[in-house]
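This is the structure, below, for whatever I ask next.
Letters A, B and C mark the chains as written, and numbering starts fresh at 1 in each.
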Amino acid sequence: MCFADLARGVRDVIAQSLLGMLIASLLAAVAVAQGFEIEDRRSYPGAGDEMLRVLSTADLDVFEPFLLRFQEANPEVGIDYVTVSSAELNRAIRGGAAFDLALSSAMDLQFSLANDGYAQSYESAVTDALPDWARWNDQLFAFTAEPAVIVINEARFEGLPLPRTRADLVTLLRDHPERFAGGLGTYDLRESGLGYLFATQEARSSDAYWRLTEVMGRLDARLYCCSSRMIDDVASGELALAYNVLGSYAEGRLGADAGLAILPLEDFANVMLRTALIPATAERVEDAGRMLDALLREGMGDGPEPVLPPLQARGEAAASAFGPIRLGPALMVYLDRLNRESFLEAWDAAMEQ
Amino acid sequence: MSGGPEERWSIARRLTLFLAAMVAILALVSWGMVTSFAREAAGRTQDNILAASATSIAETLRSESGEVRLELPYSAFSMLGALSEDRVFYRVAVGDEVLTGHADLEGPDVVPGEVVFATLPYRGAVVRAVSLQRTILSDGAAVPVTVTLAQTREGVQAIAAGLSRQAAVLSVLVFVLAVGIAAFAVRASLRPLNTMAQHLATRGPSDLRPLRRQGPPELMPLVKALNRLMERLGGSLRRSEDFIAEAAHRVRTPLAVVRTQAEIALHSVEEEGQKQTLRRVIRAVDESSRSASQLLDHAMVSFRADDLTRERLDLPALAGNVAEALRPTAQMKDIDIALDLDPATALGDEILIQNALRNVLDNAIKYSPAETKVTLSVRNGGGEARVTVVDEGPGFGTASAGELTERFRRGARAEGVVGSGLGLTIAEEALRAHGGRLDLSGDEDGRGACVSLILPAV
Amino acid sequence: MRFLLVEDNHELAEGVVQRLGLDGHAVDHAATLGDAEDCLAVADYDLILLDVMLPDGDGRDFLSRHRDRIETPVIVLTARSQISDRVGALDQGADDYITKPFDFSELEARCRAVLRRRGGTAKNEITLGQAVFDPTAGTLRHGEEVLDLRNREIRLLEVFARNPGQILSKGQLLDRLFSMDADVTENAIEVYVGRLRKKLDGVGVRIETVRGLGYRMDT
C-alpha cells in the first residue's frame, strides 16, 4: 500500500466520521428539540445517500448482526440506528419525530401508537404469513416472542429446594428472609415500561403477584431500570434472584456467567412480543417495509441464526394456556393515567411496607 | 317475411330467459337484503359491545376524597378487541374537564339516562361513538361524568362486506342453479309437445289416425284441434278417393254398355265394313279402359310409395297368386304360364309388388303370340330376390330400358296391342320405392323379352 | 249355364243378358241387392256376376255378409281398378273379379276357370256324334278316350256345337274366338279349324268348308 492510498484512506475516514458526527449532532439537535432522550446511536452508510432511520429499544450489541445482514442484502440502504427507552420511543413518535421504523419491546405503547393513528399500514407476502396473534390491523407486527423469566444465582439458593410455582416462591422467600433480604431485584415499574407491562399482566393473571410483591417489598427488593443490569447483579452474586427478566437477555448470559440459572415456573409465564411499526411520518416506507420483512422473516425462523428469539419458538407456548400477551385494545387499559396511578399506588404500597 | 325476435325464439328459450331474468332479479334483491341485514347486524353488534363497554367503564366510576376516580375494566377493552382489529378511543370527562383518555374525542351529546350513538369522523377515520352519562356524588354534590367510547368501523364493514360477498357468491350460485333447473324444467315441460311433434313427424303422409296420447291438460286443446283437423283431412281424402272411384264408375259403366252393345252388334251385322267399324269401337273402348286402369294404378303406386309398409313378402307365393289371377287371360290365347319358383323373401308393400308383377306379367301376355309360353321364375342370390318374366314375344327391339319405362312410351313391339305403356313405369316406380329396380333385356336368341323385378332380399 | 247378374245399370245388364244369351246361357237380372236375395231364394245359379256399386249397398259388403250362405261362385264386376279394390273383393270371398268394360271372351274364360276351380258343379255337356264335349272342363270324351282341347279349340268347337248346321263365316268366328287381338288373322281360323277336324276324326261329326261363305258343322 502506498502513502497516497493511505492518505486517501485516512482522509475518507475523517470525512466520513466528520459527516457522521455532523449528522449525529444534527439528529441529536432534532431529538432534543423534539424532546426525547437518545441512549445510543450508530450509522451504517449505504451506497446511496438516503438513510433509513430506525428508532429502537433493542440494544445495539444485540441488534447489530441483523443490521449488518440486512445491509449486506440491501447495500444501497444506509441505516441510522437510534436506541431509546420504550417510553422515549413512545414520546418521540407521538411528538412527530421523523423515523421510518419503530421497534419496541413495550407492546402496550406500540399498540396505543398504532391505535391512535401514529402508524401506517403495510402489507406484504411476509406480513400475510404471520400468525394472526402476531399482527394487528396491518400496522403492528410482532417479530420476537420473549418470555419474562426469573434468573437466580445458584450459589445463593444452595441447599434450598427450587420453587416450582409463584406460591412456592412466596413461601420460600417468606421462610428465609435472612438469606434473601436485599438480594431480590425487579423492575422499577415507574422507570420501565416493560416492567410495568409484565407486572400489570401478571397482576391480572394471578393474585400471587401481589403477595410476591409484598414479600419482595418486605425483603427490600432492589429496583432496576433494565434487564441487563439485573442479570449483571445476579451474575455477580449481589442479587440472589431477579424477577421478570427478559428471557432473551438471560439466555444470552447463561453460558458466559457460571452460577446463573433460569428458574422455570410451572404456573405461567408472560410472553412479550417485540413489535415493529412504520410511523405515519415515515418517508422511506419502501425501505422500511423491506427491513420489516427481513425482521419478520427472521422472526418466523426463516434464515440465519436470529438475533432475538423467533416467534416460532414461542409458537408452542402460544398454544399453551398462557400465550403471548394479546395485541388488542385491552393493552391500553393499564396505560390509562388513572389506572396507572392506582396500580402504581398499590405497587408502591406493597413495595414500601 | 320473418317475424320479430319474439316470434322466432323458441318457447323454451323465451321461458328460460324469462325465468332467468326473474331469478336474477330475486337473486339481486336477496343479495341486497342480505347485505343490508349484514351491515345492520354488524353495526348493531358493534353498538351493543360499545354500549356494554361504556357501561362497564361507567360502573367503575367512584368518588374518592372529593376526586372522581375510575378503573378502566380490562374486559371492557378486550371485548372491543374481540370483534375486530379496530382502533379504540375513549374519553371520560367530569363536566367539561377531561379526566382521562383521548381529550380531543367529541362524542355525541349525551342525554341523561340514555346511551347515545353517533357515527362521526375522528382522526382521519369514521368511528362509531357511544356516550353515556353517570352522575357521581362527590363532596355531597352531584357531578355528571360523561363516558365516551368510540371504535373505527373497518372491522364491522369488513364483516358486513364479507357477508355481502358470501351472499353475492351464494346468489350467483343460486342463480346458476336456478337457471339450470329452469332450463331443465322448461325442457321437461315441453317434452310432451316435442314428443307429440316427433310422433307426428314419423307418421306416414296417409296416417290420419287421431292422436291417442294422453298429455298435460294444456296440450289437450291442441291435440283435439289436431285430431279434428286430421279427421277433416281424412274425410276429404276419403271423399277424394270416393270421388275417383265414382268417376271411374261413371266413365266405365257407359264404356261397358258401349262395348257390350258393340259386341252384340258385331254378331248381328253381316257387312264387313260395319264389322270393322265396330271392332275399332271396341278397341277404342278397351284402350280407354286400360288407360284409366293404369292411371289409377300409377296414382296408387305413387301414393303408397310415399308411405311404404314393409312386411315380409313370400315372393314365390306372391308370384303364384299373380300368375293364377292372370291365367284365364293367358289361356284365352293358349299361352301357358310356367312357374319356376325358388324360396325368396323381401320386405315391402305386398299390394305394390303384386301390382308391379301383375303389370309386367300382363304385358308379357299381351305381347306374346298365341300358344307360346311365359315363364315366371323367382330366384334368390347375391343379396337380391329376382322375379323374372320371360316371354317368347317380339322383345323390346332397340329401345333402351330407360326409354321403355318412361311414362306413356311403348316399346317397338307394341304396335296394334291395346295398352297405354304405363305398365313398366308403374312396376319401375314400385320397385324403386323398395330400393329395388327393374331389369329389362332381350332373350338370349334375340326373341322374347325378359323382365326382372329385383328387390333386396332378406 | 244359369247366371245371376246383379247390376243396376239396365242398359249394361240388358247387353250382358243378350250377349251371354248368344252363347246359350240363361241369365237372370237383379237390379238391386234386395232383388238378388229374392232370386237366390227361389233359384239355383251356376254363377253370380256381382256389381260393386249398387243403389242399396256395396256388392262386396253383401258378399262378405252372405258368403257362408251362398255357395255359388261369384265374379265381381268392378268399375274401379284400384289395387285395393281388387284385393278387397278377393278377400271378401269373390272367386274372381273382372273390370268393366269387359271382353266377353275373357268373362267366359274366367267363368270357366272359376267353375273348373270349384270342381265343375255345372254339368254343361254337349253330345257331338259319338263323343261328349264338356266346354267347362275343356274335354272331348270319345269312348275310353278323353281328348284335352286347347282353349281356342274349345271356344271354336263350342261355337260350332251351339250352332249346328249353320254356316259360320271366318269373320264371325274371328270375333267370337279372338276377342279384339289385332294380330289374329282369318288364316288363324283355318289353322284352328284344321286342328279341330283332326281331333274330331272318327267321332262322327265333321266341319265342312262352305266355299266362299265359311264353315258348317254337321252331325
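The working rule: a contact is a pair of C-beta atoms (placed from the backbone, for glycine too) under 8 Å apart; a residue touches a chain by one contact, two chains touch by 3 or more.
Values in this document were obtained by computation on a predicted structure and should not be read as measured data.
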| item | value |
| --- | --- |
| Chain at the geometric heart of the assembly (C-alpha centres) | B |
| Greatest separation from subunit A - chain, by CA centre | C |
| Computed distance of Cα centres, subunit C from subunit B, in Å | 62 |
| Separation of mean Cα positions, subunit C and subunit A [Å, integer] | 140 |
| Length of the line joining the C-alpha centres of subunit A and subunit B, rounded to whole Å | 80 |
| Interfacial residue positions of subunit B with respect to subunit A in the complex | 69-74, 76-78, 80-82, 85-89, 99-102, 123-125, 154 |
| Complex contact set, residues of subunit C against subunit B | 9, 11-12, 15-16, 18-19, 22, 53, 79-85, 87, 96, 99-106, 109-110, 112-113, 150-152, 171-172, 175-176, 179-184, 188 |
| Residues on subunit B engaged by subunit C in the complex (per definition of touch) | 244-245, 248-253, 255-261, 263-264, 266-267, 272, 275, 279, 282-283, 285-286, 289, 292-293, 296-297, 300, 325, 327-329, 331-334, 351-352, 354-355, 369-371, 416-418 |
| Residues of subunit A defined as touching subunit B within the complex | 114-117, 136-137, 204, 326, 328-333, 336-339, 342 |
